[in-house]
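Following are the structures in question.
Shared between the two complexes below is chain A, which pairs with chain B and chain C, respectively.
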Partner chain A sequence: MDANEAYAETTVLDLAATPLREVNATLQAVSGQANHRDFVIEHPRGAHAIAVGLDGPITVTVRGSTGYYCGGMNKLATIRVEGSAGPGVAENMMSGQVIVDGDASQYAGATGHGGFLVIKGNASSRCGISMKGIDIVVHGNVGHMSAFMAQKGNLVVLGDAGEALGDSLYEARLFVRGSVKSLGADCIEKEMRPEHLAILADLLERAGADARPEEFRRYGSARTLYHFDIDNAGQY
Partner chain B sequence: MDDKTPPPARTMPRQSWTFSNDVNAEIRRAAATGIYDIRGGGAKRRVPHFDDLLVLGASISRYPLEGYREKCETSVTLGTRFAKKPIELKIPITIAGMSFGSLSANAKEALGRGATMAGTSTTTGDGGMTEEERGHSEKLVYQYLPSRYGMNPDDLRRADAIEIVVGQGAKPGGGGMLLGQKITDRVAAMRDLPAGIDQRSACRHPDWTGPDDLEIKILELREITGWEKPIYVKVGSARPYYDVALAVKAGADVVVLDGMQGGTAATQDVFIEHVGIPTLAMIRPAVQALEDLDVHREVQLIVSGGIRTGADVAKALALGADAVSIGTAALVALGDNDPRWEAEYQALGTTAGAYDDWHEGRDPAGITTQDPDLMKRLDPVEGGRRLKNYLGVLTLECQTIARACGHNHVHNLEPEDLCALTLEAAAMARVPLAGTDWYPGKPGF
Partner chain C sequence: MCGIVGLFLKQDAMRPKLGEMLCDMLVTMTDRGPDSAGIAIYGDAADGVKITVQSDAGTIAFEGLDRTLSEALGAAVTVRTVDTHAVIVVPPELEEVAVIALEQRGLRIMASGVAMEIYKEVGLPRDVAARFGLRGMGGSHGIGHTRMATESAVTTLGAHPFSTARDQCLVHNGSLSNHNQMRRKLARRGVKTRTENDTEVGAAYISSRMADGATLGEALEGTLRDLDGFFTFVTGTRNGFGVVRDPIACKPAVMAETDALVAFASEYRAFADLPDIGHARVWEPEPATVYFWER
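What follows is the complex of A and B.
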C-alpha cells in the first residue's frame, strides 16, 4: 500500500499552499457527526499554532515538524506529529491525544487540564509545567524544571529527569525510570503503592512504552509549602 | 528647688522622620512575626496624580458646548486593529479584572450587572470564568494569566475579548496570591488546587517569555477563536514606552496599562508601595510609543490605577488614553470600606477607609470574602444598581469637563486642555505648569 492509498479516505491539507487560518478553520469546523474525520497536514515546515483549538473526535497527522503550540487547547482530537514539536505542544489540552514521534521543545503539555500527551523522543525543560490533570508520557528524557508547580495529572519519564524536577509541586504524580539530577523545592520521593503501579501500567500500555511499572520511582509534593512558614523562606 | 528657680533648659522630645512611629511599628511587627506584611489594594503613599492637573476651560480662544443641550459623545470601540468583532462600549470606563476567589460570587455578579446597565464591559480574573459573571455581563473580557486557572477553549470562545495579563500596577513583576482562608471547595475546584492551601501563582507565563514568544501566543489565541476576539495585553506600569511598543509589536489590539495605585487582592506591602510608577507618569510615554508606531487610536490604550472621579477620567483621556478601567472605585461603589460597618472594622483592628486585609476573607462588607454569611451582605442587584449609578456620574462629570473645553466627544480632549499644579505633575504629564507655557524637559527651553 503506497502513501496515496493510505490517505485515500483522508483530507489532505497542504500548508505550503493553504493559509494556516484556512487549515485550522477546516479542522475546527468538523463536528462529531462528520463523515470525514481523518486529516493529514502536509508541509508543516515548523509553522506555529497548527491544529489548535480542535473540538471534535477527529484524527490529524502532521507530516513533519511543527513550531510553537501545536495541538494547543485540544479537545477530543487525536493529533500525531510525524516529526518534532516546538515549544508548548498540547499546551492547555483539555482531552484527546497528542503524539509526537520525535522530540518536544520547552513547556510540552504546559497547564494541560486533561487528555494524553505522548512524546516518543525527549522533552526539553519545563515539560508539564503547571499541569492540571493531563497525563504525559515521555519515552526519553525531560529537561530541567519539569512539572514546575504541577497541580494534577501524571508525568511519566522513561529516561532521565533534569534539575529541579517537580519544583513547588502540588498534587501531580511524577514517575521516573532513570536518574533525577535533582528534586526541586518541596518535591520528594514517595512510596510506590499498588494503585500507583496500576496507574503507571495503564499509562505505559496506552503510550506503547516498553517498560515495567516496577522500574519506576514515584515523586510528589512534601506539602511543606502549602502554608507560608518563615522557616521555609529560603525555598520560596 | 523653689518657685523662683527657672526650670532647666531641655530639648523637646523629637521624633525621627526616618524612624517615624509607623515605621517603627512595622519594624516591631516584622520582628514579632517574621513575615512580610500582606494586604490588598494599591499604593497608599501620596504620589503625583490627576489631582495635580487642572483643566483649561474654554473662553475666548475656544468656545464651550452647551451643557445638556449640545451632544458630547462617550462611546468607544476597542479592538479595531485585527479582531473581527471589536467591542463597542457606551462609556469609556470599564471594570478591571478581579478574580472570583478574591471576590465573592455576589460581588462578581454585581459588577456584571452594573457594567451591563452602564453599557460597558467587566473582566474576569485569576480564577476562571463563573456562570454568575458570564450570565450577568453583556460584555465580558476573559483574562489569560500565568496560572491559567480554569482556562479552557469554551470560555475563550464565549468571551467578548481576551486580556493577556503580563502584570498589574500593584506589583509589576509579581504573581498572584490567594491565601488559604479564601480557597473554598468551589474556588479550589475551579483552580484544580487542594482546598484551604495558600496559593501563589507564577509571575511569568508558563509557555512564553519575551515579545517574540508573545506574538506567537497571540497568533495561537486568535487561531483558537477564529480571529474574532479583540486581544488586550495588560502590563503594570514600569517602562511604559517600551512595554507598550513591544505589546504593539506582538500584535495586541488593545494595551491596558495599570499604574501603581491600581489594586490587587493580596500581595506584599513592600511590593505595592515600592515597585512600579504612578498612573500619571505612565500615560504620556505610552501614548508616545503608540504615536511613534503610528497606531495611536488604532491600538486602543486603557489606563487604570486610581481612577475615582469623572475629572480623573477626563484627564486620562486628555493625556491620550482611549478608555480607563476601575477596580478599587467599583468595589467602594458596591460598599467596600463603608462606615456603616465601622464597629466590625474596629473589631478587626482597623477603621472604615483603611481596611485592606482583603486576603483574610473577613470583609465586613461581604465583597472580598468567600464566607457564606458575609457574602449575603452584598445584594448583587442592589450592588449592580449602585455601580451603574456611579459609572453614570463618572460619565456625566467627564462629559461636563469635555463640553467646558468645547469637545463633542470625550476623545477630543487633548493635552492642550490641561495644565499642572506642581513641577512633578508637569514633568510627568508633559503639560505646562499653571500660568506658564513651560514644563520640565520641554523641548526648546
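What follows is the complex of A and C.
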C-alpha cells in the first residue's frame, strides 16, 4: 500500500459493536495532523449524541437516522447523516458542516455560532432558534417559531415557513422561497439588495440547492424591540 | 419526559407478534421515564366484557373471585389471573354492577373492553413486561407508556395508559394545566375519574366527547380547543388509533407507516427493529394536527 492509499482509508465504527462513548472519544481524539480522517458510523439506530464535540477537520458519515443532538458543538468536522436527525441536530455548532439527507426534528442548528447546516428534507419547529452566526439551508419546509431570537447568520428555506417566523429577531437574515404562514413579533419583510442576492447565491450553491436567489424573499428585524419604548410602560 | 410507543397493524398475519414488537419498542424508551410502565393491548374479542383489575396483594386477591362474583351477579363470570392483574369476563349488561362489586373488594379497575386489556405497574418497562408476559400477547393494535411522573403520585393507578370508557385508552407525554377545572366540568356531567392525574382527565374528555357522538377524529380535534398545557397524546379505540400534539409541540413524536403497520414513538430509536423500517415512510406529526387510522 502506498501513502496515498493509506490516506484514502475510511475507518468504520459500528455502534452495534462499539459503545457510543468509545465511538465519540475516537472521533474527538482525531486532530488535523492525523492520517486517517474519514469515518463511517454504522448502525446508528437513532442513538443520541452521535459525533458530538468534534474538534478536527475530519469527515463522518452516519449510515442511518440519528436521535437527539447529533453533531452538537461541532468544530471543523463535516458530518453527514444518511437518514433523518432527531431534535437538536448541530446544536451550538461553531464551525464545519452538518448535512442531513432526510428530515430534521425540532430546534435544528439551535444557538449555532458558525458553520453550515444543510437539511435536504424538512426541518420541524424552532429551526435556528437563537442562532448566533451559523448558516442554515433547508431544502424543504421549516416549522413554527423558526429563527426565534436569531441573532446572526443566515436561514435559507426553499419551501414554506410555519407560524411566527423570526419572532423577536436580532440581526440574522431569513430567506424564504415559499409561503410564510405568519411573521413573529418585530420580524418584517425587507428589500432584497444585490449584496443579499450574492450571499444567497453562495449559500444555495454550497448547499447543492436547485433554486435561484431571485425566487426568495428576505425577512429581518424591524428593530423596534431593541430599546424600551416609554409608551409601553403601562403594559408592565 | 415520558416515553410513548404505539402500533396499529394493517395485516392480521402480524397479530401474534404485536406484544413482542410493542415491548421491544417500550423497553427502548426506558430512559425517558423509569417510574412506571404500562401497555394497552387490543386482543381477541371476548364473549362479554373484559374488566382488567389490579391488586397489590397479587394472585391471592383473586382466589375464589370467579365463584363469589358469579354469585353476586347471578351470572357466570370467568377470571384469568396475570400476576397482580386479573381479567374478568362478565356479561356486558352487568359491567357496571361488576365494577362496583370489584371495587368493594378493594380491587383497582384498570380498564374494561370487549377487546382491550390494560396492564400497568410501578417499575421499569422490562420488568413490567416480564411479570405480565406482555411479549406473548397478540392483537390488532396496542399502546405503551413509560412514565416520568409530574402531575400525580407514582402508583399503579397513576401509571398510563388510562381508560375511562370501554375499549378506549390514552397515553400522554406532557402535562395539562387545566385538568382540575376540566375534571370538575366533566364531573358535573356525570363523568367519573378515579385519580388526581391530568392524563386521566384527557382520557375522560375524549371518552365523553365520543359518548356524545363525536368521532375519534372530532374528539381529538376537541383536545386542541379545550385542553390547556403540553401534550402529545396517543389514543386507542376498539378499531382505531389516533395521535395529536398541542400547537407548541415540544413533546417529541415520530411516526412510521408501511403496508403492514402504523407505528408511533417518542423517538426514532424505538423503530429500529420494526419489520421493513428501512422502507417505511417516517415523519414527525405536525403540531395541532389530528392523525388517526381505523379499520
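Please note the rule applied: the second predicted complex is superposed on the first by the 221 of 236 C-alpha atoms of A that agree within 3 Å, B and C clash if a C-alpha of one lies under 4 Å from a C-alpha of the other, contacts with A are read in each partner's own complex, and residues count from 1 in each chain.
Rule of thumb we're sticking to: a contact is a pair of C-beta atoms (placed from the backbone, for glycine too) under 8 Å apart; a residue touches a chain by one contact, two chains touch by 3 or more.
It should be emphasised that the depicted structure is a prediction, and the values quoted were computed from it without experimental measurement.
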(request) Using the touch definition from the top, say if A:Gly67 reaches chain B (first), chain C (second), both or neither. (result) both
(message) Just to be sure I read the superposition right, which of the two partners does A:Pro87 touch: chain B = first, chain C = second, or both, or neither?
(response) both
(message) After the superposition on A, what does A:Ser125 contact: first (chain B), second (chain C), both or neither?
(response) second
(request) Could you tell me if A:Tyr226 is touching chain B, chain C, both of them or neither one (first, second, both, neither)? (result) first
(request) Answer with first, second, both or neither: which of chain B and chain C does A:Ala16 touch in the superposed model? (result) neither
(message) Counting residues of chain A touched by each partner, does chain B or chain C come out ahead?
(response) B
(message) Looking at A:Gly53 after the superposition, I want to know if it touches chain B, chain C, both of them or none. Which is it: first, second, both, neither?
(response) first
(request) Using the touch definition from the top, say if A:Gln151 reaches chain B (first), chain C (second), both or neither. (result) first
(request) Find the residues of chain A that appear in the contact set with chain B and again in the contact set with chain C. (result) 67-68, 87, 106
(request) Under the touch definition given earlier, write down the residues of chain B that touch chain A in their complex. (result) 33-35, 147-148, 151-153, 156, 179-180, 191-194, 197-198, 202, 206-208, 213, 216-217, 219-220, 223-227
(message) Going by the contact rule set out above, which residues of chain A touch chain C in the complex?
(response) 45-47, 65-68, 84, 86-87, 102-103, 105-106, 124-125, 143-144
(request) Within their complex, state which residues of chain C touch chain A. (result) 247-250, 252, 254, 267-272, 282-284, 286-287
(request) Would you tell me which residues of chain A are touching chain B in their complex? (result) 20-21, 24-25, 28, 48-49, 52-53, 55, 67-69, 72-73, 75, 87-88, 91-92, 94, 106-107, 110-111, 113, 126, 129-130, 132-133, 148-149, 151-152, 170-171, 226-228, 230
